[in-house]
Each structure stands twice: as C-alpha cells, then as structure tokens.
Amino acid sequence: MSTIAEPINLFDFEAIAKERLPTEEYDYIAGGATDEISVDRNRRAYASWAFRPRVLRNVSALDLSTTVLGTKVNLPVLIAPCGGHKKAHPEGEFATFRAAAASGTIFAVSANASADFAELAKAASGRLWLQLYPFRDREITKDWLKRAKDLGYEAICVTLDSQWPPKRERNIRNNYGNRRGVNFSNRGAENSQRRGAHPGGGDPAATWKDLEWIKSIAGLPVVAKGIMTGEDVELCTEAGADGVIVSNHGGRHLDNTLATVEVLSEAVAAAKGKLEIYLDGGIRRGADVVKAIALGAKAVFIGRPLFWGLAVDGEKGVIRVLDILREEIEITMAKCGRPTVASIDATTIVKAPPL
Amino acid sequence: MSTIAEPINLFDFEAIAKERLPTEEYDYIAGGATDEISVDRNRRAYASWAFRPRVLRNVSALDLSTTVLGTKVNLPVLIAPCGGHKKAHPEGEFATFRAAAASGTIFAVSANASADFAELAKAASGRLWLQLYPFRDREITKDWLKRAKDLGYEAICVTLDSQWPPKRERNIRNNYGNRRGVNFSNRGAENSQRRGAHPGGGDPAATWKDLEWIKSIAGLPVVAKGIMTGEDVELCTEAGADGVIVSNHGGRHLDNTLATVEVLSEAVAAAKGKLEIYLDGGIRRGADVVKAIALGAKAVFIGRPLFWGLAVDGEKGVIRVLDILREEIEITMAKCGRPTVASIDATTIVKAPPL
Amino acid sequence: MSTIAEPINLFDFEAIAKERLPTEEYDYIAGGATDEISVDRNRRAYASWAFRPRVLRNVSALDLSTTVLGTKVNLPVLIAPCGGHKKAHPEGEFATFRAAAASGTIFAVSANASADFAELAKAASGRLWLQLYPFRDREITKDWLKRAKDLGYEAICVTLDSQWPPKRERNIRNNYGNRRGVNFSNRGAENSQRRGAHPGGGDPAATWKDLEWIKSIAGLPVVAKGIMTGEDVELCTEAGADGVIVSNHGGRHLDNTLATVEVLSEAVAAAKGKLEIYLDGGIRRGADVVKAIALGAKAVFIGRPLFWGLAVDGEKGVIRVLDILREEIEITMAKCGRPTVASIDATTIVKAPPL
Amino acid sequence: MSTIAEPINLFDFEAIAKERLPTEEYDYIAGGATDEISVDRNRRAYASWAFRPRVLRNVSALDLSTTVLGTKVNLPVLIAPCGGHKKAHPEGEFATFRAAAASGTIFAVSANASADFAELAKAASGRLWLQLYPFRDREITKDWLKRAKDLGYEAICVTLDSQWPPKRERNIRNNYGNRRGVNFSNRGAENSQRRGAHPGGGDPAATWKDLEWIKSIAGLPVVAKGIMTGEDVELCTEAGADGVIVSNHGGRHLDNTLATVEVLSEAVAAAKGKLEIYLDGGIRRGADVVKAIALGAKAVFIGRPLFWGLAVDGEKGVIRVLDILREEIEITMAKCGRPTVASIDATTIVKAPPL
C-alpha cells in the first residue's frame, strides 16, 4: 500500500512504482553502471543552472509545441527507446504507445521492446520511431529498416553506446536475468547468432561506416543516440545523421561521465545547425526540460519516468507523467517570460555556482 | 508547549511559530515552489559573502537610519507585502502596522491582505505602501490608486512575478485552500471577474505598458517587485518606476532561480542610480541586511519572519523580530567600522569561496 | 568518566575537557558569535591548502625555533591572551605560565585574566606579554603600561576587535554570566567606570590615535590583535605597531568573516616586511601551524586548546598540548623537507580545490 | 560470517576483509596519517575527472597490455611494495607472488616484507622488483642490490617519503605494534643499528647523492617512489632514476597532501619523457586506472586492495582483485573507444566540476 495518496510529481511516481515493482525489477530500471555516479550526476547537474525570470512579457497564450525532424509535437518531451515495458505493466509498449499518442508526442520503440514492433505499429494511431543497434548481421538491419518504413515508423534511432556490456552491480547482486518474463521478440534472430558481444546491444566492431550504410538504405531520417562529445557530433554529421540524442544511456553503460546536460553545449556547438540535438538523462521536472532547450536541445526524451508511469497506472500513468511535465514547463515558460519554445534562448538561464 | 523559552533570533521565532500554527498554515508560509531549491538558496547564498572587519573607526554612535524614496526610516528593514496576516494572528495586519510604526519603518500592505486597506490606514498612525498587481480590470486599478493616495499611502508596489500560478507541493499535499478563514476583502471584485488566471496574482497578459500606465496615473512613487535581471531593471527605469524590489517571491513562484542576493549586483549596476534597489528573500540575520546594503541595496524587506513574529506574540512579536535585526545590524556595523548605513560600501564584504 | 583513555591530539583534549567542564563553561569557551560560521570556517579553511612533500633534503636535525619580535622561542606557537583561565583549572594563569615557560614559548596575559598580572609576573620565570584594550580611561592605560614594563613584560598586545559586545547565543541560552567564579582583578577600576560599552572589551570611540598614543608611551613593542584586512595592517604600520595578530577573535565577536588563514596572505602583503604578522584561529594540528608559516606568519597563537589542556591536566595538560603540536610540526617539516622554520616558504603548500 | 555473498568489486573485498581481520590489523592497513584527509582525498579525487565516451571506433579486440621499463605486462596494474603480507594471509608474499605471475604483472617486494626476498624469488616463476630505502648503512644497501640482481629482480624501487615516522592515530589508539606476528626478516641488520629514525623507514639524513649512488651501483633500473612534486621529478631525472611512482604512501605518512592523481599532470610535465611516471593511491576501480593513464601515467600500483584480496582468499583473492580491475578497465576502454592502452590519451577525460 503506497504511502503517497496521489502522485503530484515524477518523484512520487518513482516512489509508488518502487513499492509496486519487485525489487530486482525496480533495481534494473533505476540502477546504473558501477558506482552510479553518472546516474546521480545526470540528475543533479540541472541544479547548476538557474533561471532568469522575466516579467511583463504577455504569457497569456503559452505554446509548448515544437518540431522534431520537421514535424510537430505537442510538447518538447518524447519517449526514449527503452527495452521491455512489460516489466512495468502487462500492456507494456501498447500502453505507452496510446499514452504518447494521446499526449501528442512520439514514442521511440526499443530494439529490445517486449512487443513486436510490427504489431505495435498496427495497434493504434500515433507516431513512432524505431530504435536499433549497428547489428553484426546486415541482413537483419535491412529487414528491420524496410519493415519500419513500410509500417509507418517516422525515423530510425541508432544506439551507439551499447556495443560492450556494462557492469551493473545491482543486477549482479540480484542475480537478475534481464529477459525474465519478457519477450524480446524483435531481437530473436540477431541475438541467437551473436557471440561474445553484449546481448541486447550492438556489434563492438562497428564503425562510422556502419552508420553511413544505415543512413544510405534507411529511407528515413536517422538519429544517432548515445553521443557525448563534440567530435562524435561532427562524425554523425559526416555520416549523414539527421539528429543526435546526447545521452549516456541514463548512466547505465559507462559510469564517471559528465551529465548529459553538461555536454549539451559542446554538442550543440559542434552540430553547427546541421542536425538537431536532443537530450535524455535525468529529466524529472519541467524546469529540466526548459534548461535543456535553453542550452540548445530541440527536445528531450524521458526513460525511467516512463516506467514509473506504467507501473503506477499503465497508459493513464504515462499520460499523467507527461501532463505533469507539461504543467511544470508551462509554469517555467510563463515565469521566464517565454511564451513559445522558440523563445527559450540562452539568456533564459545562467550558471548557478556551488554554494 | 514550545521547547524554546525565549526566542533570541529569527530562527527561534520560526521554531516557535511552527509549533503553534496548524501544519498546513505553517507549510503555506514556509514553503515554496516545487523542490524549494530557491527557498533554500535565498537563505544559504548570504554565506557566500564574508565581512571584512575594520578597527579603530569610532563606532560609539551608530546610526541605522536611512532613506527610502526620499523619506527616513529608522532601520533599513521594511515589511514586505504578504497576504493574509490573520493566518498567523487574529489581529492580522493591524498588529503588523502598529509594530512597523513603533519600529519606525514602513509596512507594505498586500493586495491579498486579510484587512481592508482603507480601514487599516485609518486604524493607526504610521507609514504604509500599497501593493497591487497589474490587474486585468483597469477600473479597479484606478480605484485602488485613487483611494491609496487619498488614504495617505506613500507608494505603490506593483508585484510582477505572480501572473501565473505556481506549483507549491506542500499546499497540494495538504489540500490547502489558501483563503480559508481569511477575508481577502480588497480583492473581491477583481477576483470574481478573473478567469483562468492565478487567483491572488496578476494578469498574465500584462506588459510593460501596464506598468507605465500605473505610474502615469498613480500620483505616487511606484516600486516594481519581483525583478531578477538587469534587463528588467532597465525596463522598469524606462517605464518610470521609482524603485525595484529584487525578489523571487521568497522562492514561492519559480523554483531554480539564483538567490536574490546573488542577482543584486546585476540589478544595482543596471539601475545606474536612476532608481532605488531593494531586496527581499532569506533575510534572517542582521548580517544579511548589511551584506545586501554593501552590495548596493537601499533597504531590505522581510516576509516570512513577519509571520513568525505575529504567530509568537502579535504586535509585540513583530517588534521583537525587528529589534533583534536592529541589534544584529548594530553589532555588524560596529565590528565592520561602519557607523552609518551610508558607510556600508562594497569594501565591507568579500566573496567567501566554498570550502 | 572520560571515554578517551589518553589524549593523543587536540581534539581529544577538547572531548575530555567537554566532559569535565560545566556545560555553560564549555559553551562559553567553545562557542562563538551568532551562527558560529566563523568558528567553523577558521578550522575548516586549513584544509583548503595542501602540502607539497619534498624528499631527500636531510631532515635529520630539525629546528623548530624561530624569533618573535627579535627574541627566540622554541617553537612557533604562543599562548593567546584569553580571559579567566580559572574557568578551566583552579591554578589558572599560574599553571599556564609555568607550562609556557617549560615549553620555551611566550604567554600573553589577558586584560581579563583571572590573576593579577603583577603577581603572575612574580610567580615564575618565563616570558610574558600583556594584553589590553584601548581603554576609555587613559590613566589606567598609563598605569598598566608602566607596571608591565617594570614587571618585565616583553611586549604589549592591544586587542582592537572587541569594542562592541558580541552576540553569543550559547551564553544567552545558558544565562551565562561571564565573570562567575572568576576574579577579573586587573579590570576592576576600568570596568566600574565604563558605561554602555562592552564589559571586558575596549572603548567603541577609540581611533588610530589611541594606538599611536599607546605606542608612544609604552616603551615596549606593541602588537595589534584582531586585524583582518590589508588596509588595517597598513594603518597599524603607520601607527607604529611592531606586529599584528591576524585574528577574528576565534569567531567570538563578528560572525561571517573569512577564516584568519584565508586573509593571512593579504595581511602579509600589506605588511611589506615592516612589521611581523602572527595568526590565531582554528589551530589544532601541527599541519595548521606549518601552513600559516608557509603563508607568511611569523608564528601562531593558540586559544581554546589552552583551556582544554588546563581542564584536562592543568600545567601538565598545557605542556602536553604544546608537545603534541611540536611533534606534529616536526613530522610536517620533515616530510616537506623543511628542516628549519625559515625554510617553510610559499612553495611548501598549494591550494587544494574543493572536490 | 560475511554479509556479502560474493565480492564483485574492490569495495566488497575490503568489507569482507574488514570482517575477517582483527580490528587492529584492519586499521593498520586501512588507516593513514592523523586525520586521514589524504587517504580520503586520494580516493575521492578520481571523481573530479569524467570520461568522454566515444562511439563506433571498433573495440572488438581490446589489448590491455603495456610496457613498464621496456618490458610487457598484461595489464597496467602492478603490485605496490607493502610490508608484511602475512598480516592478511598465512602464505603472505608467496601467495601474492603467484597471483601477480598468474595475472601477468609485476610484484614489487617490500623491504618490510614478511618473507625473505631471496626465498621468495626462488619460490616461483614471475617478475619481481625489490623495494628498499636509502638506508643509513651503505653496506647493507650494496648487499641487497647485489643479491637482488643475482636473484633476478628486474628493478629497484627506492622509497623516499618514509624517512620520518608518521603519526597514525588508529595504531596509537589500538596500541598497535606493527611487527607483531610478522617476521621482517629482510630488515634485521639495518633495523638493529638504526637509532632515532623511523623503524621500517629510511635515513632522515639521506640526500639526492644517496639516490645517485644507488643508481650507480644497482646495475638495474631504479624507480623512485613517494614523489609528489614536479621539482622532485626533475631531481629524480638528474639522479639517474628510470621511473617515478607518484605516491603519498596511501596517505599513511603526511596528511594534507593533494591526491596523487591531482599531482600526476605536474609530475608528467616535469618528466619531459625522460623517465616513466607511475602512480599509486586510491585505485579501486578500472575507471581510476584509465584516468591515471589518460593523465600520463604509464601504469598504476595497488596497495591496500592487495591485502583485501589476500584476506578474502589468499592467492585466488589477489587474482580476483586483478581480474575485476581488468574487466572494469575493459569496459572503460571499450566505451571510450580506446582499444589499446596507448590510445588512452588526454582527450579521454575532462575535468568534472563540483556540483
């Protein structure tokens, strides 16, 4: 029985979800690599920027919509590709998809989804991206890309930071098998033929040629996920990517990185406007979203909060998570005198020195 | 039964008040927006400046008086406009007014006062400012401004940071209705006609033209409250304001701002001496007052401590709160070798780096 | 019954003393002004410098002696002037004097000593300074100065930071009368005639002329105590002082200053070699002594540890406190490759950034 | 009975070892000088650098090998010279030696080993360095150097930071005799003739001439251990040393130094490529190793973790400690896109500011 009557922020959602989920599942979702320094830093780093409130700028008509890869979303928050939504709710990705559609945003389906990405695409109306890895087997990649396009997926997200298995100590201590009870139906063929590499990840031998090749055959916009340096943003540009998600995989792969929001400016500068920069990692408040946009992100993605929403109330829970973020973004935009997403510029924030 | 026999500082006043007030009322007064980062930072930021004590400067005759808008106050501490003093004491604003008068300072009456501002003005001798918002209905504004001038109010304080309702999670969890038991008599007409905006706040569509208009018809000095940037200080100057209160509303509206004392220098620089700069937020010690003055504030306002004083002992409590601040200001001035408020200059303090 | 079998550092001495002393006496000695931020910072600031160990420099013959006002002391640690040693031990200043003499260092006797400074001078062989304030009554000052010189006191220490009474909240809460059980025999005449000023302190109307006058008639070296700025060091030089003790009175008078060790460099630079700079405040380890010397202090003074030594074991306790510091200074000098006090230069340390 | 079923990182090893070892032995190994500020800082300082992950660089074939003094080791982690391995396991240095050999790394035998260094060299195949001090008696040094070379020791490590006994308060409180139950057979002759100096350390009168002399007669590479400044690296170069271990003796000799990883860059710059720079201090994660290499270290040494491995499972425990580090180094190299040790350059990391 939860001690929180009604979740009013995303921390409440996590607290309730923690009570409801088996410990090992909660730990799998909440945890990260080794000492979880990056998990923590992703979150805490937002506090190192402060808002500069502005007054008397007519904020009676706020507009939270923005565009992502040229198409409109109702708010600058998308659903990050995360494996196995059924861990959190029996309806899994289907619930998530309906929630994203209802909220007017995009759902990026994971290569490790607990639902077949074809069935999912047919299950409801809404907007989808498909995430995959640089697989060892190019035939599987070709097949996925062709089907994704045919099924109406709008973009391909290629995750680049997961070619080597991480050390997640909570999972080791929990003796956690990360497929238990979850059907990773999409990965069957690829997984069975891979040897010695990260199950659920990509090919450690992959190079920039692989990304170029994916772009060349995808017939869809390609977004590179897991970029943390300006150098790699430049290489993404050269490889033909249309967007980059600045991400350290929620601190789940390599510990001891900076927070994603800390490297965002470097990424934005390196992009030189040639591709869109998004961000994930540590977003828990509307304030975080506005800070990321002020630093140059086109939009942000949420990962773990998606699971907390599912665990608390399935589709409705995810909708509520997005609603809370929307309300908090509205307050922040209004109080900073920024009636549109486009008006959230660099002067909206300032560094807050440690006290 | 309080565990503190006799309050000797403002923290004691808060501790005793917390024991005496209903939790939901205490939380309403003490709390702030979302994570209360700004509430905390407002307070803690003072510690990032240190005093530079000076010796042998003849401090036998200290003078704490200063001028505000050209008129003398006995100490550089004024009473900020805060709604509903009856939350803390049945005599509400009447008690506060008598205390301010007894202490030789100014009481800024809130638009959300739990007393009629006309009755209040007639109840005692003393000095008053009237606070209002950029109301949607200009007739109400005209009426208030005319009556204020007729009643002897000395200045108009226009609060600019409250056009959009904040998210105060303590209140949400306490299911707090912020009018309970309190008669916001002044706002009746305005509130009944407003739709979709912040009850108890201003018009989200207001612009700088509204402030110009208020100034043009007020016939009194106008002080803009809720300014946190140099840009807005400049716009206040252009709009004809006579003073600015650097304020983040005690961290009650937008979380994640800098502390008010941290943006004070920016505001003072932008004012270029054309208007007076005041500050509120986090003042709990005489030392804080002296630091704010050293950074260029003409005077400071106290908000929450006013309620703690009322809750502990009504009029006498507020007098004691001001007396404590006076004593602490005296010690600080004496030990810094600054016998007058005017002698508290920038060399009085230095940045104290984090250790 | 103490839980520490045998004190091995100055923190142990304090812990044992705390157990043995009445709470109100412990609080009087250990406490400071208002929030005790400066008490804490005085101590913690030492950690913001780190040693740069040097090797293979022949440290087989360490020499801890140095000179103070041209005369040799066996170690660069002197006894600060502190009132009422009988608070800690019935033998009071007599015990302290014997300990200082045995350790080859100087004891600065307080104007508020719990012993007559004439009797003290006659009681044992050893070296003494006499501390006084800029008294309101110049005749008393003349009398003290004449007697001090006749009695063999080697220097006069004039405390300049105590012309206004501080706010010490521990004492207020303890209803502490700071003379209880202690005979401040030296101050009798002066105290009885002072009105409205700090009992036990100096004249708030004093100016630099007073220090000049004291120097002009003292016939002894004059050391100014309680200086925290370069400006005041320069004024001390102009007034003819021979030395300056950088001190914030152990955080007991004005809170919210920098640590003494943080302003030491400013003081040393302002002295331009024309007078000696000493330091008190927060010294608890030999390492602190070496850091202060590396920053330019000629020697340091200990205050509170003196009381802990007295409370634990009277004369022997004070000797042990000094012995512990000596042993710790030796280790530090040896490991930094600095066999003499003169060889402890600025390259011995480096700033240690916050982690 | 340990509460940790199976150690999965070096912190677990310490936790289990702490349960198994007598408190006084644990304290001797884990503790450091005075306040243990440097013990703590050595560890915490690693967090002030963050990784810059790089993607798509083909990390399918990682090579952790590197060279030390021109010879190959399988991973850039060596065993630091530490006295008395029998404190942790009855097989003592013999177990350590077998573990180091099995892991393809070098074991530096301490002058205070609990085994005869000749017997040890004969007991197994593997690679050894011999550590000694600048002894007072040059004949002993000559004898050791000759025997070391004859026995196949590959290098001589001269510890330079231990000429003066430290103050280790845990040991004092535990009344710890640091030879109890351990046969320091190698030091017998030297120790019996030394007077007034650090038992188990070196000659406090030693100078750079002594290091030059050792190098001149050693007939083996000489590595200077205990260097913390650029100046001393330059002097090591002049004295003919082949390598330098940047070390503060694990915070066991002088407290209040910077962390070793914080002075690494200074040391590397001073070396100008003329000698190899190694590091010990605080290494507990593979990430720490990679950071040290990125800052210019050729390899690192582990000290305390060696004892935790021995205490948990003797030879197997040490092997497991090294295996864990290897796995963590692999993850870090893979995720930073650095397939070889040589490719770990300065761009691999960035300063992580305090939050």
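Going in written order, the chains are labelled A, B, C and D, and every chain counts its residues from 1.
By definition in this document, a residue touches a chain if its C-beta (ideal position, glycine included) is under 8 Å from a C-beta of that chain, and two chains touch if they have at least 3 such contacts.
Treat the numbers as computed from the prediction; the structure is a model and nothing was measured.
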{"item": "Homomeric contact subunit C-subunit D: same or different residue positions, threshold half", "value": "different"}
{"item": "Cα superposition of subunit A on its sequence copy subunit B - rotation in ° rounded to nearest 5", "value": "90"}
{"item": "CA centroid of subunit A to CA centroid of subunit D, Å", "value": "42"}
{"item": "Centre-of-Cα separation between subunit D and subunit B, whole angstrom", "value": "60"}
{"item": "Numbers and ranges of subunit A residues touching at least 2 other chains", "value": "47, 354"}
{"item": "Listing of all chain pairs that touch each other, if any do", "value": "A-B, A-D, B-C, C-D"}
{"item": "Contacting residues of subunit D [partner subunit A, same complex]", "value": "8-9, 46-47, 49-60, 285, 287, 291, 327-328, 330-332, 334-336, 347, 350, 352-355"}
{"item": "Complex contacts: residues of subunit D adjacent to subunit C", "value": "33-35, 37, 41, 44-45, 47-48, 134, 160-161, 163-167, 169, 172-173, 197, 203-208, 210-211, 224, 226-229, 231-232, 235, 248, 253-258, 354"}
